[in-house]
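The structures come next, written out as structure tokens.
What follows is a pair of complexes built around subunit A, which joins subunit B in one and subunit C in the other.
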Partner chain A sequence: MRRLPHPAPLPRLLHPAAWWVWGAGLAVAASRTTNPFLLVLVVAVAGWVVLERREKGVPNAFLPFLVVGLFAIGLRVVMVALLGGGVTGRVVLFRLPEIPLPQWTSGVRLGGAVTLEGVLAAAYEGLRLAAMLACLGATNALASPRRLLRYVPATLYEVGTAVVVALTFAPQLVDDALRVRAARRLRGHSGRGLAEIGRLAVPVLVGALERSLHLAASMESRGYGRAVRRTRSSAALAGALTLLGLFGVVTGLYGVLDGTAPLLLGAPMLAAGSLCAAAALVVGARRDPRTRYRRDPWQGAEWLVSAAGLVPGVVLAVAAASGWPGVVPQQVPATLPSVPLALVAAIAVAALAAPLAPVPPALALARERAS
Partner chain B sequence: MSGRSRWRTAASMTLVLAVGVAAFGWPFLAAPGSQVGQLGHGTDASFVFVLLMALMCLVLLAELSSGGIDAKTIAVLGVLAAAGGALRVLSAGTAGLEPMFFLLVIAGRALGAAKGFLLGALALLASAFLTAGIGPWTPFQMICCGWVALGAGLLPRAAGWAERWLLAAYGLVCGLLYGAVMNLWFWPFMGSSAPAGAGYVPGAGASANLGHYAVFYVTTSLAWDLPRGVLTAALTLVASRPLLRALRRSVRQARFEAPVRFAP
Partner chain C sequence: MIRFEDVAVSYDTDAGAGRGPERLVFSGATFEVPEGELVLVVGPTGSGKSTLLRCVNGLVPHFSGGTLHGRVTVAGRDTRSHRPRDLADVVGFVVQDPVSSFVTDTVEDEIAYGMEALGVDALAMRRRVEETLDVLGLADVRARALRELSGGQQQRVAIGAVLAAGPRILVLDEPTSALDPVAAEDVLAALNRLVHDLGITVVVAEHRLERVIHHADRVVLVGDGSVSGLLDPAEAMLSSSIFPPVIGLGRALGWTPLPLSVRDARRRAHDLRQSLANASGAAVPGAGSAAGGLPTEGTASTLPTDASRVALPTDATAATAVAPAAVAATDSPRGPVVQTDRLAVRRGGVVALRGVSLSVGPGEVVALMGRNGAGKSTLLASLVGQTKPAAGTIRVGGLDPTRAKPAQVVRHAGLVPQDPSLLLYADSVAQECAAADHDFGVPHGSTAAVLERIAPGIPPEQHPRELSEGQRVSLALAVVLASAPEAVLLDEPTRGLDYAAKRRLLQLLRRLADAGHAVVVATHDVELAAEVATRVVVLAEGEVVADGPAPSVLSGSPAFAPQVAKILHPLAYLTVKDVVAALGEAS
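Let's look at the complex of A and B:
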């Protein structure tokens, strides 16, 4: 049977994992370079995709992350100006009064000459961090991490349930706190100060605990419960794999950290231990018979969006490893960084995620109404 | 919890503690010429440890819940994690003050070590979901918060005034230590842009890097950590008595573990 080609993909939510792969790829790309033009491009791409494909009503995490990023740039520049940085340049912008420090604070200085090269290096590093934060913020805005909770392996089912309970109860607790506070205000208390917080916490928490027992009763009556879904042998296997994997990881870490350990004890051991531990997560889940209500499909759009994020990540990682010009611009003396077109093209590929991904339903509805 | 699973939990906790020590403290532990020292200048190693800590988090959560958690424990954990998350959301304006800690200390004390760890990790995760602030720092924070609550559960027995002051002192220490430990995961990542004498220098040896880190800590984060520690201690002193009573009461209420058997 052939599927009918339709002109535009129907509005639906993209699989959250696809957005996280996309964001991780872009963040890796940002982490590999300090070229300010490339980094600004990364932020622009992330911002544009958020503008195009953020579902209506989802809190926009992009802006707070952007503000934190700007703060990081400013903090870096101020600290380098005050304390001096790893990059010592020749072009002195201005001199701050230098405060002599005692001998034991070796290497630390307060004040002194502020060089153009030092400030620029700090700004580039700060910008790199800001760009990575922007990628994370974009991902948080595009695919609410809550939706990822559905995909925890069944070994983590109980923990996942506890998190869902927490996320459902948190807004109610905030409401409770506001109500208790209003009640205390009506009785003439200010509602501020440390002792007030303590008085607020007690009724809110006691109420919440009462409610949790009701919740537990209703969970049990609806069949959440004691039925152990895994066989004894699979549980024992998972436990053994966990311990073995953790032991391998610890040994591998020792090998990686110690200079004299044989090579085999290092990274290979670490990888083997991690694999073992990850296998433990899967083994316990293999026989789980639970089914999901309304799975998110993983279709062509998901593959394309993931690939669009991975392309810049891979290209920039290769470029940084093989030292292409323009990935890490020259710091001393300060010059205008070049703009390598191949890397610009690679980062621009990530922007394709916006046209490739289907429009989320509520946003599509809003656009339809607007037009 | 049966004896064997208790033993297994303790073993995996200890192993993850060792992994955590390595993941946080590798700038000081890496010997010159080791494989981590060769892994680029710090940033690549940071990535490896982010992935490793995320895996450790999942494995430990799975291990702690492997015996099957009953509905009451899940409900209590979920509600307490919600309270922790709500506290963190409410305090989002005061960056880093984290009144959540006092709840973790008190609840960890009432619930015991293993459930305390679960609560700490879940409360942090819930708050990260609520503020949409998931990032590479989340696994580190989850494990650290878990340790805070776990430590409260492992404190020696005490009652009355002694317990209040013990918990308050523990809260103060935690507030300070948490900042000192949490800075470590991104400190090597700052690379050459850290101020002179306060950045990670690969291959410079443990004592030099410890000195640099001390400078970094005092100049950047002590101003946040000290108020946090004091706030945690003060809140614990004020609220620990009624909260402990309420928590212990509900834990006792939730413990009707009469085994149910159906005979044919």
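Let's look at the complex of A and C:
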């Protein structure tokens, strides 16, 4: 048998954490700029990777997130036009009838002049939010949070199970509500209106409660919460470290994503949080004999995809911090923003995730059949 | 493997204030289940079968509360000192409703879940998941979402999920009562394989004895607060208060030893077939002939006559307020009550019904049969206007249910849904009846009167959810009947009913038909169809594939033939009563 010089990677699902790192990196990049060209590029990159690497049959969360993003832009522009914003421009597009407000509401107005600069600034801000939402949507489509949940640290195993159960319960509750509502017809009611909703609540909730009891019995008999070989003190230590770490990671992420937050809140907090979380993992996992079924391996492709997402994040964060031209375009007077090539290249790196990641199995099969 | 030593279970009835009187569920359970046996727990509803099963893995008393006297040991572990979770590696427990037991959302994850909790090594876990998928025949649905699976597949996943953790004992509570005959066969075949190939000890409780009795090695009878020891199935069936038709036939004819399976009974019945064929002379040359209808008519006029004669006047008197339309229907035979013409319904993109033309007249009892998902429930739902047809027309009592207001529809068609508790909202039976009077605008007390007539003796202060399955169906039926609909529709009414409750329901349905109601029952229960249906309609893939008198449709079908028909094939007898009546006439 002759081997090809560069065999294509076998179709498999990429580790969900790799996709989430990639998405977070791209979202950080989007959060650092208001340059519409760069933001549109971010959305385009996210969309292309979804097209290329979304597993068949997984719901496409990208589109709904895109719609929400568009709505955010529209809302922002309308609000700024109505209430005014921080940007006072010179080019007046049109004037809305202004309602005089008392002195103490300074800064807020109702109606009045709508300027080109104000509208553009609002649109850019909205676009930034939309781009971040697009990144989130893309990540959801590429690796559902449900898959990510399987990788919660062993110390948080029980919490993770609870979240999974909750995620399965919600659609069942909706099914129940629909069934009960349909049954209301059998007693001559339409099942519509406020009074009816009150009527529906009781059987739906009682049904949910009964199902919870069944589930609890089933989980109990299947060994959920079985005594593990950890001591009380090690469990407490691991739990505390985990919570501390999570707190650090969340605060750090907030600091990194929000450019106005104090510098200390950003990267250092994130690093400290990650360290704590890692320590908790080690402490917890050493004592916890629980195992996980079919973990996705973390291989070269995972490293490469994560890096492809982190590059634009880091480059734009640095660029924004050191005030490179083109990151935050000039708003007064309104001019066509410049397109800094270095930043375009940095964002384009994220698109490499598509060729770097292996093709998901079902998608690979579908493509092979199509060709 | 499992040892019960003088076990008794009781609950405090007065949960609130101090120590109330104790309610004894059962006492004196002493037996030992050897390894590799399939033990069937038999008893009427509410007799404590589930409690007995839950004792095996310690759910009683650790999870449910209550007091356990005596001692239960499983594989040498005492359930007093071991909680259910500590027994998870020796006992697998499958709860009644598989859907409510699922922790994850895909087949593979669900099977792996128990092993994750037990900390099975990752490589071993991978191997065992594959083996479990093979043993239960689930390999081709391994990546599917659990909600999309059929009932039989879900039940097999639930079994696989506990089996994968490697227990040597499997305890199942009513594994097939919600399944159609074919899916049930599937699950039982899987169980049989576990017992015979892997030597797993299985303890199972099941209402539908006709499905499991011939698989059982031992039987435990539960009833009236006492528990028998391990009995031989044939011996146990001689004294059991509940028994399937094949046993009924054997008992009626005094066969010893009692045949348990259709196969055994068929061998025994050679002479019986001869004498029956002679008795009815040349009139019954084969199945499906016009004369095949004779035995059923015989039933209607022999045994239940007293019941219906007595019931009919009461019906009429109570019905003056309750069911004038239905009574009028008997007096002047009009057109059909329910009529659909080339009805098509789409549900979630799937064509659930396709070109269904059906008409049901007053006094008819139609059994709708077919596998799960064949469109039975959809047909019933569209008759009460719950789903909109994509094509075709529906008429129920001269009304189009899709256009009419719900308040109008309920005067013509009443549906008891698959889960009768969907219809019940109030905190007590009395309030429920009052609410129903209010809902349907009938005089106060009408619903309570109907309930008293169809199921006397239900305490009015009881909570609907605390009633037994049979009583709950009766209450839902009373609510539906309060508005005196011409068409009475029931979706799987016998799910969870034992034989006694089923018999009462049968008599009730017959009385409704005699009073001029058109009755449509969607059911998997071939015995119910055999006993009560005047006509059987079989649906498959949303189309009507058979529509005819019950004897000819049922006796000809391999899946839907009742046990008696299978035993006496090619003679078209459906029930034990038919046979006994025919023999009585002959002698």
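Note that in this section the second predicted complex is superposed on the first by the 309 of 371 C-alpha atoms of A that agree within 3 Å, B and C clash if a C-alpha of one lies under 4 Å from a C-alpha of the other, contacts with A are read in each partner's own complex, and residues count from 1 in each chain.
Assume a residue touches a chain if its C-beta (ideal position, glycine included) is under 8 Å from a C-beta of that chain, and two chains touch if they have at least 3 such contacts.
Just so it is clear, the structure is predicted and the values come from calculations on it, not from any experiment.
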Once the shared chain is lined up, is A:97 touching subunit B (first), subunit C (second), both, or neither of them? neither
Tell me the contact category for A:239 with respect to subunit B and subunit C: first, second, both or neither. first
With the two complexes superposed on chain A, say which partner A:185 touches: subunit B (first), subunit C (second), both, or neither. second
Partner chain in contact with A:294 - subunit B first, subunit C second, else both or neither: second
Of the two partners subunit B and subunit C, indicate the one touching more residues belonging to subunit A. B
Just subunit B (first), just subunit C (second), both, or neither: which does A:323 touch? neither
First (subunit B), second (subunit C), both or neither touched by A:202: both
Is A:258 in contact with subunit B, with subunit C, with both, or with neither (first, second, both, neither)? first
In the superposed arrangement, does A:136 touch subunit B (first), subunit C (second), both or neither? first
Intersection of subunit A interface sets (partners subunit B, subunit C): 146, 161, 164-165, 167-168, 171-172, 202, 206, 210-211, 215-216, 219-220, 224-226, 228
Contacting residues of subunit C [partner subunit A, same complex]: 57, 59, 62-63, 83-89, 91-93, 95-97, 99-105, 108-109, 112-122, 125-126, 129, 147, 161-162, 165, 381, 384-386, 405-407, 409-410, 414-415, 417, 419, 421-425, 436, 439-440, 465, 479-480, 483
Which residues of subunit A touch subunit B in their complex? 31, 59, 61, 76, 79-80, 82-87, 105-109, 121-122, 124-126, 133, 136, 140-141, 144-146, 149, 153, 155-156, 158-159, 161-174, 177, 194-195, 197-198, 201-202, 204-206, 208-213, 215-216, 219-220, 224-226, 228, 235, 238-239, 242-243, 245-247, 249-250, 253-261, 263, 266-267, 270, 274, 277-278, 280-281, 284
Of all residues in subunit B, those that touch subunit A in their complex: 5, 8, 11-12, 15-16, 18-19, 22-23, 26, 29-37, 43, 47, 52, 55-56, 58-59, 61-66, 68-72, 74-83, 85-86, 89-90, 99, 103, 118, 122-123, 125-126, 128-130, 132-135, 190-199, 211-212, 215, 219-220, 231, 234-235, 238-239, 242-243, 246-247, 250, 253-254, 260
Would you tell me which residues of subunit A are touching subunit C in their complex? 146, 161, 164-165, 167-168, 171-172, 179-180, 182-191, 199, 202-203, 206-207, 210-211, 214-228, 288-295
